[in-house]
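Each structure below appears as structure tokens.
Next, two complexes with subunit A in common: one pairs it with subunit B, the other with subunit C.
What follows is the complex of A and B.
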């Protein structure tokens, strides 16, 4: 889990369900941006919002952003090398880099980067428990889904512990690990089945206990956490729409490259 | 009839727990995928099918409508909360892949639990993921030979991992006796194939 209690900013106080809707909306909007000139200011603005707004030390955020650069390079590379295009730049065997495929590859890489940044913005500022409480109250998510999910999140550490116990048990009993594909298959059998079977049994028992305590009851519930709305939610909506609108204006008014649509047209 | 198929808290809890275990695997799968990717020629697509496995395992195990989709979304959100490289986009993938697999389960009336259903669901999830990728990654603009390679590799991996292996995993779980705990009355018998 990326969320840490000790850091906080105004983004932490945004209604979690609203934040989820806004950020998912942002991702869907990105799917319809085909202009690489718009993506560049958008990614810059998102990175800025993350660095300033997440409330975390900048070094920590930069550390989390590190894998995204890797994703950026590897997502775009196959499009750059093997994408369709007309203006040829470079060719070596099956790899053909054209002007069109290059910008398209960069665009896809920036897209992956923006998805990563939006995801990090959400994960660093949202407490999972509050998200489920908010989904129950603001979006009428049936409590059995919300509580079921929260309970299963709590079961993960137990499964990890069981995994360690199994490891030790196999060691004590002298189960030799085989190398290669056979070893991979053996590990799968030795670990996946007991771990899954145990967690299913445990989940079943916990569910019975939760049903007995009426955790599945939907009507007339009371809630321990009551996430509501405040003026900061309004600010968030304005910021979010502003980022996308601003990136659009900057990208269209002051384009860096002459390509405005990275899709391939015959 | 309707009651038999309604998801109870226990179904949801079992589904999400199984899905979250796969969510951990999904998260570990990301770096593995990117480690293979620079080798080129889409070899990484052979392991892509692992990201579809939660839906087929959950359905074969619990045998109720909706668990396939629920499992895929739960696994994706688990992957997301653990800090996925793809960020919130994994939720979109989860919905697309889970819905596609769920359509196959619905097409057989939620009454068949064979290898062929698992394989068909894996293939459908592949189609779902490809549709999303054509929106997100413009894969339609790849050179034709390259795109074919991608599709063939992804489909092969999906059929083996999310189809055949998922079915094998559930049969092994049936032998431990936990499957009878979670299935609705009347579908609890173990399939011969």
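What follows is the complex of A and C.
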């Protein structure tokens, strides 16, 4: 499982709601960074924080980063090859690499990568249950949404199990998979309908069971988990602001490239 | 005018219903038309009836879940719902909303407004009372057995500190051990409470209740009395509704003439074996979960595979069918088995979960599916399908979607579609599990008919009664190993002792 407790680090102990706000703030901040010299140290720092601070084995973190590296390469390269620019470096048919498009491509790729890193940082260090408890208590999220989400998270592994059973059932009945579009449609129908029907039925039953435990009748709800704030949360705020400020200073003081704004101005 | 005595009576009632009328939104006819019921405080009530008669619905009306949580067209002249009831439902996987054991009970405590500081101690207390004394209650619910999950549900019900315990077929999806454990705890925990129980296996609980109510197909109360009285005077009703009581198997033995069963074992060991296993290992998540020595299966054999939970019985069936990674060799009619496709037309497979093995949109197509893959005329297909549907009592549902059938009907359908072509071998994973007595006997009778015609059966079951009567051979599996392989007795209750002469 993704959220095994034995890999707990100090990031796991940060108040989940605070973490959510900080990381979302980070994503918004990245949107306003147009200097590729700042993005490079920022991504390096985020990667470092993820590798050291997530508490997960490095191999697993790298595995999770794989899809984001792919996004980095694909978004970056398409901007490099097809973006606008004045200083031509290389041309082959419609593919043109200019100085501007090259740096912009690198920048956009890094931006996508930083979103991925921030997302992973959150996902790998936050138990969803604690996040919802924190949202209920710190942000007054109505319990019916919070518990609804938590109950549906419980359904996911069950659906995976059912999917495997279905696969075997079709094999045993000799359902041949057809190739191409028709096969794709057949597969969708064969799997989606039973899995959906089963999930709806189960969700209904769970809802009734929750009701039977007086979920909607509770007058003064108490909480089993009370995510509060500690000095570690302060450390997290400092760390987070520090990463962005540090990246900014490094990028401005010791730029790697002479270009400081990748936006295209005509 | 109500007399003071009558008024006093009302105070002593845990729940009361007068003139209940209720309809399912999807149907035209009333499920209940004028049902009245009074349940005194502290009474232990067992509700019986055929599937679909509305027993669970009645429980939900009595607890107020209908119409508060489930909206249905319903009306009554008078209703006094149970003031506080703790509920245990049938499906162990569909009644928890949290991922961990402690969190699930905490959810109830939160609803009750119990202070956080009292929670850990209370969680341990309720778990102890149902015999789940984990060292660390923070453990994933998914690691519990089905029986443990039902006991966790019982603990969450207790956490409401209810006056009444409401149990809606709590053991339907449990093995015999899990069933016994649940009832043991209900007996101690329910002593000073009102109890409302819906069940179709009553042998283990019927002596604990004060009152048995029987509801018929039309939703009317047809019997109401003490447990002895109902069992004595309404035995035929119980049998007709497929309820498992202490004498169900004796009734079966009379009806199905077990004497016939104990005829000579027709397995023909002179012919070459259908299936040869030679050191077969089955792997589940890279771990060998079953390890079979050299064994052979012959035509006309009914082999029951028995053993404790997690012993590797289901894994064995899946390994034979090549649904999981295997090592070693197995041969089908002398040919090495390489993949599932090779077996699909000659070997039938019935999975444990009937809800997840349907391939078609209607019951008819579901049965016809296997036939369509052979090259036979549409006319032949039709007559075959009709024959099988009739055999399994499914004719009236032929245009229904399989997913809309009841669990019992689904199970019959899955057996029907596995049997429709002449299979030479059937692999069955607890085909009678969770079925009422009527369905169980019908399925067994059908299987026996096919066996006599030469089909071999390899069937996982927990039920010693089935093993005793139907197995021509028994495989006991333990810790992934074949611990014993011996001939079956094939005797019923009357024949015990005599049957060994066969």
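Remarks
As a working rule, the second predicted complex is superposed on the first by the 252 of 266 C-alpha atoms of A that agree within 3 Å, B and C clash if a C-alpha of one lies under 4 Å from a C-alpha of the other, contacts with A are read in each partner's own complex, and residues count from 1 in each chain.
One rule holds in what follows: a contact is a pair of C-beta atoms (placed from the backbone, for glycine too) under 8 Å apart; a residue touches a chain by one contact, two chains touch by 3 or more.
A quick note: this is a predicted structure, and the numbers were derived from the prediction, not measured.
Applying the stated contact rule after C-alpha superposition, one finds that A:24 touches subunit B and leaves subunit C untouched. Once the two complexes are laid over each other on the shared chain, residue contacts for A:206 go to subunit B and to subunit C alike. Shared-chain residue A:75: touches subunit B; no touch with subunit C. Of the two partner chains placed by superposition, only subunit C is touched by A:166; subunit B is not. When the two structures are aligned on the shared chain, A:224 is found in touch with subunit C, with no touch to subunit B.
Once chain A of one complex is fitted onto chain A of the other, the partner contacts of A:151 extend to both subunit B and subunit C. In the superposed pair of complexes, A:120 makes contact with subunit B only, with no contact to subunit C. Counted by residues of subunit A touched, the larger count belongs to B, out of subunit B and subunit C. Looking at the shared chain after the overlay, A:104 reaches subunit B, while subunit C stays out of its contact range.
By the touch criterion stated above, A:215 is placed in contact with subunit B and with subunit C alike.
On subunit A, the patch touched by subunit B and the patch touched by subunit C overlap at residues 147, 151, 153, 193-194, 197, 201-202, 206-208, 210-211, 215-216. Those residues of subunit C that touch subunit A in the shared complex are 60, 63, 65, 68-70, 85-87, 89, 91, 93-100, 102-103, 106-116, 119, 141-142, 156-157, 160, 166, 318, 321, 323, 340-341, 344-345, 349, 351, 353, 355-359, 369-370, 373, 403, 417. Interface residues of subunit A facing subunit C in the complex, by the touch rule stated above, are 129, 147, 150-151, 153-154, 157-158, 162, 165-166, 168-175, 190, 193-194, 197-198, 201-202, 205-224, 226. Subunit A meets subunit B in the complex at residues 1-2, 23-24, 27-28, 31, 64, 67-68, 70-71, 74-75, 77-79, 81-84, 94, 96, 101, 104, 108, 111-112, 115-120, 122-123, 128, 144-145, 147-149, 151-153, 155-156, 159, 189, 192-197, 199-204, 206-208, 210-211, 215-216, 262-264. Those residues of subunit B that touch subunit A in the complex are listed here as 7-10, 12-14, 16-21, 24, 34, 37-38, 40, 42, 61, 70, 74, 77-78, 80-92, 135-138, 140-143, 145-146, 169, 172-173, 176, 178, 181-182.
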